[in-house]
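See the structures that follow.
In the two assemblies presented below, subunit A is common to both, partnered first by subunit B and then by subunit C.
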Partner chain A sequence: MNKQLSIKKWKIFKLPPVIYMLLCLVIIFSIATPQYLSFQNIKNILMQSSTLMILAFGQTLVVLTQGTDLSIGAQVSMVTVAWITLARKGVPLPVGAIIVLLLTSCVGIINGLLVAKGKMPPFIATFGMQNVINSFTLLLTAGAAVTYSSNIFLIITESSLFGIKAPVFIAAGIFAVTWVILNRTKFGMGIFGLGGNPEALALAGVNTVKVTVKAYAYAGLLAGVAGLLTACRVESGQPTAGAGLEFESIAATLLGGTSMREGRGNVTNTIFGVLLLSVVRNGLNVVGITAVYQSAIIGIIMLSAIIIDSLARQSQERN
Partner chain B sequence: MKTGETILSVKGITKLFPGVVALDHVDFDLRVGEVHILVGENGAGKSTLSKCILGAYVPEQGTITLNGTKKSFKSPRDALKEGITAVYQEFTLIPYLSVAQNIFLNREYRKKNGLLDINRMEKESRELLKLINCEHLNVSSHAKDLTIAEQQMVEIAKALSFHPQIIIFDEPTATLSEREVGSLFEQIRKLRASGIGIIYISHKIQEFTQIGDRISVFRDGRKIATFGIHEKSTEEIVNMMVGRNISQVYQRNPNLYSGESLRVEGLCDYKEKVKHADLVVNKGEIVGLAGLVGAGRTELANLIFGIDRRKAGKVYLYGEEVLGKITPGKMVRRHIGFVCEDRKSKGLALKDSVAWNITAVSLRQLFPHGLIRYKKIKNVAESYRERLKIAVPTVQRPCKFLSGGNQQKVVLAKWLSAHVDILILDEPTRGIDMGAKMEIYELMNQLSLEGKSILLISSELPELIGMSDRIYVVHEGRIVHECKRGSAEFNAEDIGAMMLNVYQDAEGKAEWDE
Partner chain C sequence: MSHLLEKTKESRAFYSFLGLIILVIICSLTSSDFSKIENYITIFRQASVLLVLSAGLTAVLILGGIDLSVGATAALVGCTCALLLKAGVPTWAVITIGLCMGAVIGTLNGFLVSIIRLPAFVATYATNWIVKGLAIVIMNGQIIFNLPESFTFIGTGYLFGQMPVLIVIALVVVSICYVLYQKTTIGRDIFSCGSNLEAARYSGIRVKRAQFVAFIMSSMFAGLAGLLMTARLNAAEASMGDSYGLNTVAAVVIGGTSMLGGEGGIIGTMIGSIMLMLITNIMNLLGISSFAQPMIIGLVIIVMVFFDSISRDERKTVRRGVAIPMNVQKRKDDIG
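This part shows the complex of A and B:
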C-alpha cells in the first residue's frame, strides 16, 4: 500500500515541466488581469492555437523519428494560395481541398524519401523543400494575396457547439487520430522504433524507409489541413500565412518533452507545448505588453522551459 | 528429437572478407539439449560462424545441415523460420515501446479493425515470461525502465516466441552482475533441458564449467578443437586460444619503486557505479583492475580522469591533491593519459591522419606560441611510427585504414608524445592480434622501466595476471581485494573468485560480506 502511494507520487513528478510552467503562467496572467480566465478568453486561446496544434501533431511524429520538418509552414502558405487560386479558376472548394491535401501529402512523401532514401539530414532536406515551396507559392500569386468569397469559410470557422468553434473540434479530432496512430498501430511502433533503436527495428524486418516516408507524409497531410483552416480564417490566399509556423511547431513539440534523439515523447504533451506558446502570446496581449518585448519574452520562456526540462531529466537519471 | 542427437551440423564452412579469411573450412556440430561454448580471441571466427548459422552472412563454401536436411539461409528471416534465433550482447529493444510490443515487434497481433491487439500481445508476453520465471515483469512498462538483466530476459522471451530449436547467446553476461548471471544460467539450463540446442559465445573462462557441455576453440578463422568441458584444464584452453604458451606471451620484470604517483581516496560517483574506491599506484608500477564487465572499473577510471563528475573523494598526484573540478584537460596538463576502451569512437579521430592523431594532445607542448608547423608534426609522428613500429606507409594516412593493433599504437603514441607519467589503459589489447599485443606488453614494460605508472583495466585475466605487479579486484563498484604478484592468491582461479565475490581465503571464511 505504502509502496503504491510512493509510486503514484513519483508519477506526478514525472509529468513534463511544461504543465507546471503552463499553470504558473495562467496564474500570473489571471492575477495581472481579472478577465484573463474568462470563458471568452479561454475560447480565444483554444481557437488561436488550433492551427498550430494540428501542425505540431504532425511535427511530433516527425521529431520522434529523429527528424524535423521545416517545410510545413511553407506548405500552409502554399495551401491557402493554391486553394483560393483553384477556386477562382472555378474548381469547387471541396474538390480543391482534396487536391491540395493530396499535394501536401506528396510533398511529405518527397521529404520522407529525401531523408530515408537520399540519406539527407532532415534539416537540410526539408529546408530545401521549404524554399522550393515558397517559390512555387510566389509564382502562383506574384507575391500578392488572392481573395475569394464564399460562405463556406464562415461555416467552417464560425459554427460552434457549446460555444466552442469548429476548428477546435477539428484539432481535437486530429489529436485523437494521431494518438491512435502512435499508440495503437504498427506504424506508431515503427515511429518509436526509428527514434529509439533504428538498427533493432531494421533487424526485426521492419521497412524503415516506409515508416519515415509515412511520418513525413502525415505531417504534410496535417499541414494541408492547417492550411485549409488558415485560408478559411483569412478568407484569402496569403503567400506568407504560414511563415515561421514550422519553428513554432518544433518548439511546441520539444516543450512537450518529445526528444529529438531517443524516441521518447507523445502527442498528448504536445498539446501543452502548443498551449504554453498560445497562453504566453495571448497573455502578453491581454496584459498589454507591446510586440517589441513580446518576442523576447516568448524566447526567454521557451529557453527556460527547455532548460528546466533537461535539468529535470538529468536529476531523474541521477536518482 | 532425443537429447544427444545432432540437430545442426556445419561442414567445411568458409567465409571471406576483403583481405581476410574469416572462416577457413570450419566443421561444427550441435546436439539437442547441450550448451556448446564457442571460445576464441576477437577475430578468431566464432561470431562469424554464428552469423553464418543465423543467416546474417552467406558463406562462400560449405554446408549447413539442420535435422538432416541441407539448408542455405539467405537472410536471418530464413533461419528464423527454421527456429534458429539469437540473444545478442547489445540489446535490440526499443526503449519507448512496451515489453509486449518489443516481444512482438513486426509480428504484431491486430484486431479486425487493423489496430494493435494490445491485450493479446500482453497476455502472450506474460505467458512467455512465465516460462523463464519472470512473471513479475510488467509487460506494459517501457523497455527502458527495465534493468539490463530484465531487458535480457525480455530478449530471451522474444527468442522463445519464435519456438526455436537453436538459440545462440552472444556474450550474454557481458553487462550482468553476478547474481543476474546466476539466474541467467538457470534459465539457460532450463532451455537446455527442454531440448533446445544452445550455442554460447563467451570470453569468460570461469563461465565455461558452470554452463557448458562441450567447447570449441577458434583461432585465426579455424576451429582448433572440440571437446567435453571437463577434458581440458583452463590453462590448456587458454593456450589453445592464443596459440602459444601463456608464459611466453607475458613477460614482466617488476622494478624498484620509489614513491607513489597516483592516490585515490574514497572516490564515489553519482550513478553509484563506484563506491568509496581507494587505490594507490607507485612509480614504475603496473597496477591491474580486475572485475566483471559492469563492475565499475571503467567508471572508476573515468572518475580519475575527470570524464565523469565525482560525488565525493580525493585524487592525489605525487602526493598533491588535485583541487577543484577534475577535468580531462587538467589531468592531461599534469601528464596523465587515458587510453579508453572504445578506440574507434573515443580514442581516435578515425578520418584524420596518423600524424594528426599522434600530436592531438601534445600540440600545446610542441608549439607553445600557438602557431603550428606541419613539418614538425610530421617529424614527431615519424619518430613514433618508428619507435612503436606502426605499420603504415605514410603518417598522412587516415587512421580508419589501419588495423586494430596499429590504431591502438597510434593511441599510445598520442599519449607518449604528450610525455605522460601516468597512463590509464582500459582494455588496451581488445580486438588486436597477438603480435601487436605482445608489442604493447613490451612497451608497457619499457614505460615502467622509465618510472612511469600504469593503471591497467582488462577483462582478460591472463593478461592482468601476466602484466600487473598488483591487482585490485572491483566488485559492484567497490574494491574488494588487493593482491600482490608473488602472493599465494595471485592466480586466475582465486582472482576469478574474487571478481565474483565468492572468494574464500585459507581459513575458509568469506573475506568480504555484502
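This part shows the complex of A and C:
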C-alpha cells in the first residue's frame, strides 16, 4: 500500500528527487533566518554558483561518456594565472582570453585522446593531467598570485540586468548551448550512446574516439570560461583558485541524477545539483554555523541527498 | 618452466617490476647519492606509509569500485589516537581503537555501496567530507605533538638493530593482503565481482560480503596508515591525509591493478608505491623545484598507465583468439 502511494507520487511529479531535497533545505534555512530568502541572498547564491555551474555542465558531458575529468579544477587555476600573466606581458585581455581558451581546449583534447585512443581509465589519465597542469601553473609565477587591474573585470562581474549580474547570464547561456548540444545534435546522441553501450555505438559506425575527444574538449573549453570568470571576480591569478572544483563538479553532476554507467541523465538536473551544494554552503554561513562544523555537515547533507535519490530511483525502476 | 614464464608474463605486476628496475638504473646513473643503502631505507620507509594506505584500496579497485575516503580516514584515526594518547590511554588500547574506527568507516562505505547500491565514487566522496569534517571538529585547528615513546616506536623505531619497524609493518600488511587476495575464497570472490558483477551474483557468490570485506579492509588499513603517519611525524593535524590524496589510487594503478576491476594484486601496489616514492626521492636529490615535481609525477603516471592499458588491450585481443575492433572500448561500469 505504502509502496503504491510512493509510485503514484513519483509518476505525478516526475521530478528528480534532488529538487525536493533542495526545497527542503531552502525551507529549513529560511525558517532559521528570515533574511535567507531575500532577493539579495538569492542573487548571491546564483552568483557564487555560476562558476561551478559552468564547470558542471562540461563535467556532465564527460560523466555521460562514463568518464570523469579531474583536471578541470587545475585548468581553472591555470587560466586565471595564465590570463593575468599574459596581460602583464602586454597581451590585450580579449586576445589573452582567446589564447587561454584554446589552451584549455587543447588540454581537453589531450585528455580525450588519452582516454579514447590510449584506452586509459579516465580517472587516472585526468589525474595525471591535473598534476601536470598544477605544476605548470606554479612554475608560471613561482607559486605566487599575480594581479592586474582593468575595467574589463568590473564590467564583466558587475554589469547587471534586472539586478542579476552578468556571470549568471553567461552560465545560463552556456546551459542553453549545452542543452542543445546534448539533445538536438548528433554529437549529443553519440555521448548518450557512449554511456549506454559503446560497443553498439561503434558497430553502428559512429566514431567513438571523436565523440569522446569532443566531450573532453568541451569540458576543457568550459573550464576555460569558468577560469576567466574567476579571474574577473578575484581580479588576479591565483594558483589554487580551482582546487577541489573538479570533485565538486562531479558531485553536483551525480547529485543531479546523471549516471556514470548507463548514459542516463541530463544537464538540466545538474543545475539543481550545483544549487544544492551552493545553497548548503551559503545557508550554513547565513545561519552562522562556524567553519569547523561545515565540512561534516556538507558531507552529511550530500550523503542523504544521494541516498534519497538512489532509493527513489530504485523504487521507480522496480515498477 | 615455460608455463611459469607464461604466467609471469601474464602478471601485471611483472611489467611494473620491469618499469621499477629501469627507473632504479636511471636513478643510479643520474645521482651518486641514490645508490647508498641509507637512501634506499629512506625510500622504503616513505613507501611504507603509502603502501599501507593503498593496501586495502587495492581490494576495492579489484572489486571495480573506488575509495576516495582513505586519506581522510587516516587523518581522523591519527588525530583521534593522538588525542587519546594525550589523555593517557595506553598505546595498545589506542592502536586497537584506531583500527576499530577504520573498520567502522569501512562498514559505512560497504553499507552504502552494497546495500543502498550507491556508486562507490560518490558514496566515498561524501564519506570523505564527513570523515574529514569530523577530524576538523575534534582537532579544532590545533596540532598535537610530543606523543609517548611507546607509540612513536611504531613509526620511528628499529627492530633487530637495523630494521625499521615501519618497513616490518608494511611487509606484514603485504603478506596479509597477499594471502587474503590470492589464497582465500573471499579474495577470489572479490576478483569475480570485479570482472563481472552480474555473473558473480548469478553464480551464487556472496557479492555483498565481498563488497563489505573490501571496503572494511580499505578503511582499516587506512586507519593503520594514519597511526603510522602520526607515529612517524610524532604529531597529528586534521589535514595530514591530504598530501597523499589520489596518489594512493595512482600507486595501485601503476602497480597494474585495473580500474575496471577483476585484475591486480598487492605485489603490484607495493611496486607502485615504491616507484612513486623513488621518483620523489630522486627529484629531491637532483634538486628539482617542488613546483615542477607534480608535473614529472603526473607524466610518469600517464606514461606508465598508458603502456599498461595498451598492453592490456593487445593481450585481450590475442587471448580471445578473435580480433575485436580496436575502436570498441570495453569500459565497464563501477568506476564510480
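Going forward, the second predicted complex is superposed on the first by the 305 of 319 C-alpha atoms of A that agree within 3 Å, B and C clash if a C-alpha of one lies under 4 Å from a C-alpha of the other, contacts with A are read in each partner's own complex, and residues count from 1 in each chain.
Here, a contact is a pair of C-beta atoms (placed from the backbone, for glycine too) under 8 Å apart; a residue touches a chain by one contact, two chains touch by 3 or more.
Since we're looking at a predicted model, the values are computed, not measured.
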| item | value |
| --- | --- |
| Touching partner for A:251 - first (subunit B), second (subunit C), both, neither | second |
| Greater residue coverage of subunit A in the superposed arrangement, subunit B or subunit C | C |
| Which of subunit B and subunit C A:303 touches, first, second, both or neither | second |
| Touching partner for A:136 - first (subunit B), second (subunit C), both, neither | second |
| Set of subunit A residues, in rising order, touched by both subunit B and subunit C | 199, 203, 262 |
| Subunit B to subunit A touching residues, read off their complex | 76-77, 91-97, 101, 105-106, 108, 110, 114-116, 118, 144, 270-271 |
| Subunit C-facing residues of subunit A, complex | 66, 68, 70, 114, 116, 118-125, 127-132, 134-136, 138-139, 142-143, 198-199, 202-203, 207-209, 247, 250-251, 254-255, 259-262, 292-300, 302-303, 306-307, 310-311, 314 |
| Partner subunit A, residues of subunit C touching it in the complex | 66, 68, 112, 116-119, 121-123, 125-134, 136-137, 140-141, 246, 249-250, 253, 258-260, 289, 291-299, 301-302, 305-306, 309-310, 312-313, 325, 327-331, 333-336 |
| List of subunit A residues in touch with subunit B within their complex | 180, 184-186, 189, 192-193, 195-197, 199-201, 203-206, 262-265, 318 |
